[in-house]
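Next come two complexes built around chain A: one with chain B, the other with chain C.
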Partner chain A sequence: MADEKVIEKLKELWTKYEEIDGKFDEEMDPVFKEPYYPGVAEKLFNPDKPMENRITDIGPPYFRQFLPPIIKKNYGKWVSHEIIQPGVLKYESETGDVIYVVRCGTPRLETTDYIREICDIADKYCDGYVRWTTRNNIEFHVDSEEKLKALIEDLKNRKHPNGSYKFPIGGTGASVSNIVHTQGWIHCHTPAIDASGVVKSIMDELFEYFGSHKLPAKTRLALACCLNMCGAVHCSDIAIVGIHRKPPMVEDDRIQHVCEIPLAIAACPLGAIKPATVEIDGQKKKTVRVNAERCMFCGNCYTMCPAMPIADGEGDGIAIVVGGKVTNRISPPKFSRVVIPFIPNEPPRWPTAVKWIKHILEVYSQHANKYERVGDWIERIGWEKFFELTDIPFTEKSIDDYRLAYTTYRTSTHFKFTKHIEIK
Partner chain B sequence: MPTVEYKGKVFEVDEDGFLQAGLDAWCQEWVEYVKEQEGIQELTEEHWKVINILQDYYKKNGVAPMVRILSKLTGFPLKKIYELFPSGPGKGACKMAGLPKPTGCV
Partner chain C sequence: MSEIKKHDTPMVDQLKSGPWPSFVDDIYSYGEKHKKQCAFDLMGQLELSYKHKETHWKHGGIVGVFGYGGGVIGRYSDQQEKFPSIWAFHTIRVHHPAGKWYHTAALRKLCDMWDHRGSGFVNFHGSTGDMVLLGTTTEQLEPVFFDLTHQFHWDLGGSGSNLRSPACCMGKSRCEWALFDTQEIDYELTMHFQDELHRPAFPYKFKFKFSGCPLDCVAAIARADLSFIGTWIDEIQIDQEAVKAYVNGELKPNAGAFSDRDWGPFDIKKEVIDLCPTKCMHWDEKEQKLYINNKDCVRCMHCIAVMPKALKPGKDRGVSILIGAKSVILEGAQLSTLLIPFMRLEPPYDDVKELVYKIWDYWMEVGKNRERVGELIQRIGLNRFIVDVMGMKPIPQHVRIPRNDPYIFWREEEVPGGWKRDIKEFRKRHPA
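Right after this comes the complex of A and B.
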């Protein structure tokens, strides 16, 4: 019954879509039909009258304008899909239509030249249509096996001058797909580690897992360069997060002018910051003091107050967390947990961090059952077994000590003896 | 630190044009200068109401008011504040009032 209602509702929606599409086909925004005119900003923007000719609140373009016709036609009518080889999917519709999808890795940070190359490929094989996935892979859609073969051949042969694949095919099924990551030293002001550099180093080492299906289940990797955790590190199978190990500096001479001091105080999750007054050149200045004993170096105060910088070449580094997931398949979603509290920054290849990640992935791959995500596997065998199997030294840093910490301790006599337990 | 000169006065500013010395350096000329930068035709009483309220609140509390509080204190809905200050309450009004640059994930 419920199913019927859902189908009813969907049918209603599709009718609506068709109406809207009709409107869009008639009056598609000319912006998408005309070639881009680079002088448009200068022509329309008058700095003396910034509100003149101003267009605003128009939102993103309507997505259905950019659907390949075959996808538009079969929208909501797909019946099955099949992964025919790593990186290549085949979808079948109730109308009998078939579409093949080739998924390619990308570095996420891209030049316009690279995007133009993607557009050329899309023009050549896909009637100009292409999409990006939620892990920043690219997907090319083709409607016949001949086109599929030609497309794959073409993609395989495209390389950067130094040898890296431009469009490696993979990222489907039980693979290591792209790493969701952040800005790092390329653009952000609060990172403890780099993003793009670490990601390239890891993906080079795990490349075989991108284009194959040899893992027990898909393994999601993510990276965030500070504890803000932009992205997915808190809910990924294996993730990397940048951390500091020293308290912030306080620039007494300017903090009063560039910071809203109460904001900095309220930014601290541990109440480690209190207001203070100092005398500089005979002048009283408002500032703050940080109780270093209480500070856990989260850097949140620096986010709010530019006069409290915290980054430090030697202090900063990588923490590795594992066992998170977002899907509801079999087990509920999980947060990832700290297993390696610190690995130093080692640009440009981060060998120690890369080694540990690969090692964790391999041990998981060896021991987990089919369909078990990293977190499912660890919960089955127990965390003490995870540490034993992976040879990761367990430190007190993995023991929660923040507010609701109690719920993470073991309130049971159930445990396994491991080599971590020494009986004297 | 870059400086700007306007009508004989020199202001130390950061790269986004916020006053480095905050309210200590704030004066009538600064308001005129930002007015030009922000493309505001004429400063009305309504502009001044926003500036005064921002400054009073900042002096009293050490922080800029939340947008909802600014709206409540001035009686202007957010839309109106944008009409007065096209870059908005943070980049426009706070800059003109000599408050510190807004921080956080903006």
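Right after this comes the complex of A and C.
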């Protein structure tokens, strides 16, 4: 089709969209039936008149147009669910309808070819509908046991060239579900650690726990590659967070040109950054000085100011936090706590971090009661017992000294005698 | 097309093995098939990061599309000579549909667009919820935006100091515990607040998250500045026959979530009654009947999750609204604090919108640069926020425990005679 014709067609479709304010429900927006036209944007966008043909503030497509018919029919009418095997759920509606769901892990970082393969599967078994979960799992929906069997068989046989599963089935019930994580070295500018490589290394090692229900409760893992914590590390059962250990450097010759110095100073939560003036080649330059004694290596200054780089191959690494959760089930939501303050970056497989995570998971699995999340188990037995059972060395680094630290001190005589107490 | 240049990536290659899906295999296969240099350059730069144990992406970069202050994040390689095809490799956030349902017609078309305009690499999804398109040049940003809006009727998500793309659980589309329509309110508020989503005018980011029940599958209480969590006000619905079926072992506890380990026969006393946080349940062995003292129930969902075919949340449903969750930067992590214990929701959610404007007006006026609303509440005090800012009545539900110090900021008008006193009169009664 000639570009002019295409533009005309697109205008027609836009009018249709506007008529119902984008609320496509029974029918999907017909714009998706059109193929992608690669050359049209250049015709529509005029750099000299940037507002010409510009459509703004339309939000995402109305979600109902992407719901499978059976989901739409039973919207709000589901009465119960059952996990018939790890990764496979069955839902029953008050209308008598039944739907089966197969949940698969993904690496989150993927290519359009991987998405197309998901589309191939969804087209073959699910009339083209597919859903993602909040933990980067995919869910395929089918309406019969025959389709379910064929789908599972198909998914099991799809592998990457070097043998990894493309769509491992699991992530339900008392399992380790997919790891919520961030970009790391693949695409972020402030990370202390990689993300995708660490996650791949952990999930390879914990693979059997993804596709089974043998833990005391669901166990949620997360990874954030720096303290900005784009992943929900602060409320996860077991989590990894990238940390720095060297104060930022200051580029005296560059800082006043690339940073708003007052913002860099204000960025420090501990007031460790002070304004300063230096002379470079006979010229006075505005800069800052960092009180290294006060620095807690949060990296917020670098987020605000590119002339204060903080990352360092030897300084950076992993902290492991445990015992957090989000759900209100049984006990209130709680924060994860630092138990291993530092493990060096060990690409490509991070063996020390992986070893500790697996160890913590297995000690928990061995000792916790049914339904007990990691944090609930630790609260029952006491943190001193947790350190004893896991053999994680307790250091001063696990004693809080930031805001509200006092609320974490032990202000009672309730404690257990563990190997940590040396009696003379 | 020029010849593809490959790099040695011995460390990165080690991530091809093992059972978990390998992003390295995926990216290399894609690069070979589509003859795309950026696949090889991205893996080459990752290898260099594995060697140096440091990122090779430069700090930031201000790019975007005309009229928007968010949705695009600038990214430049600091190894542009070695890896020229990824010298500029910007991120585009595309607003996900509520509940993350898709049809392949839309997904395939998006893939075609992204192969043409960008790297072909994506995140499904970013942590906030958006689809993330990873890697394109500045010249492609406007064409991508024009493609998205004209050929998909699809908009960018939020980034920077604005409303971020709201997120919700799958809600009524597939879950029997959805106590309000998470997807509908997500969509309605997303559309209503488009200006705030695209044009940064806030002190910092602001997030809405909607979870249909207190199990909170989208982590609203941990990650949203305003958290909406479904709840109910009346009695848990009990099907006594189904309870018996669980007790007799005819139904699998927790819908089969513990199937691969022998935990012994189901014990309702041990697994439900004793684990109830308020001990508001009783199982009468003789009568074979379950009793719940609903007045003492805090709606934690445990009993319902263990016996989903026997117990259901009550019928009078709404949301609890909590405020102020965030991660550690800067003042430490915060969970959301209960603001409104119960609100019934009706489209178009005018009372919610009114509440949101009230919070934003105050935060935009007094919030400091990069101060989340939760940190602002800490700074001014929850009591002042509830009473002075929100004009609400303080109730015991707002706190876990009352304060232990009597350092109360009394207001002058609360004290008879006010604060103006005469020292001479005082000395007449009390000579110095």
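Simple rule for what comes next: the second predicted complex is superposed on the first by the 396 of 424 C-alpha atoms of A that agree within 3 Å, B and C clash if a C-alpha of one lies under 4 Å from a C-alpha of the other, contacts with A are read in each partner's own complex, and residues count from 1 in each chain.
Following the convention adopted for this analysis, a residue touches a chain if its C-beta (ideal position, glycine included) is under 8 Å from a C-beta of that chain, and two chains touch if they have at least 3 such contacts.
Quick caveat, the model's predicted, so the values are computed rather than measured.
Of chain B and chain C, which one contacts the greater number of residues in chain A?
C
Where does A:Ala292 make contact in the superposed view: on chain B (first), on chain C (second), on both, or on neither?
Neither partner.
Thinking of the overlay built on chain A, is A:Asp48 touched by chain B (first), by chain C (second), by both, or by neither?
first
Go through the superposed model and pick first if A:Glu314 touches only chain B, second if only chain C, both, or neither.
second
Contact-wise, after the overlay, does A:Gln256 reach chain B, chain C, both or neither (first, second, both, neither)?
Touch partner of A:Gln256: chain B, not chain C.
According to the stated criteria, A:Asn228 is in contact with first (chain B), second (chain C), both, or neither; which is it?
both
Of the partners chain B and chain C, which touch A:Ile20 in the superposed model: first, second, both, neither?
After superposition on chain A, A:Ile20 lies in contact with neither partner.
Taking the superposition on A as described, I'd like to know which of chain B and chain C A:Ile58 touches: first, second, both or neither.
Touch partner of A:Ile58: chain C, not chain B.
Touch test for A:Asn328: chain B only (first), chain C only (second), both, or neither?
A:Asn328: touches chain C, not chain B.
Residue by residue on chain A, keep only those touching chain B in one complex and chain C in the other, then list them.
47, 50-51, 228, 263, 303-304, 306
Report the residues of chain A in contact with chain B in the complex, numbered from low to high.
47-51, 228, 254, 256-263, 286, 303-306
Using the touch definition up top, name the residues of chain B that touch chain A in the complex.
14, 19-22, 24, 38-39, 58, 61-64, 86, 100-101, 103-105
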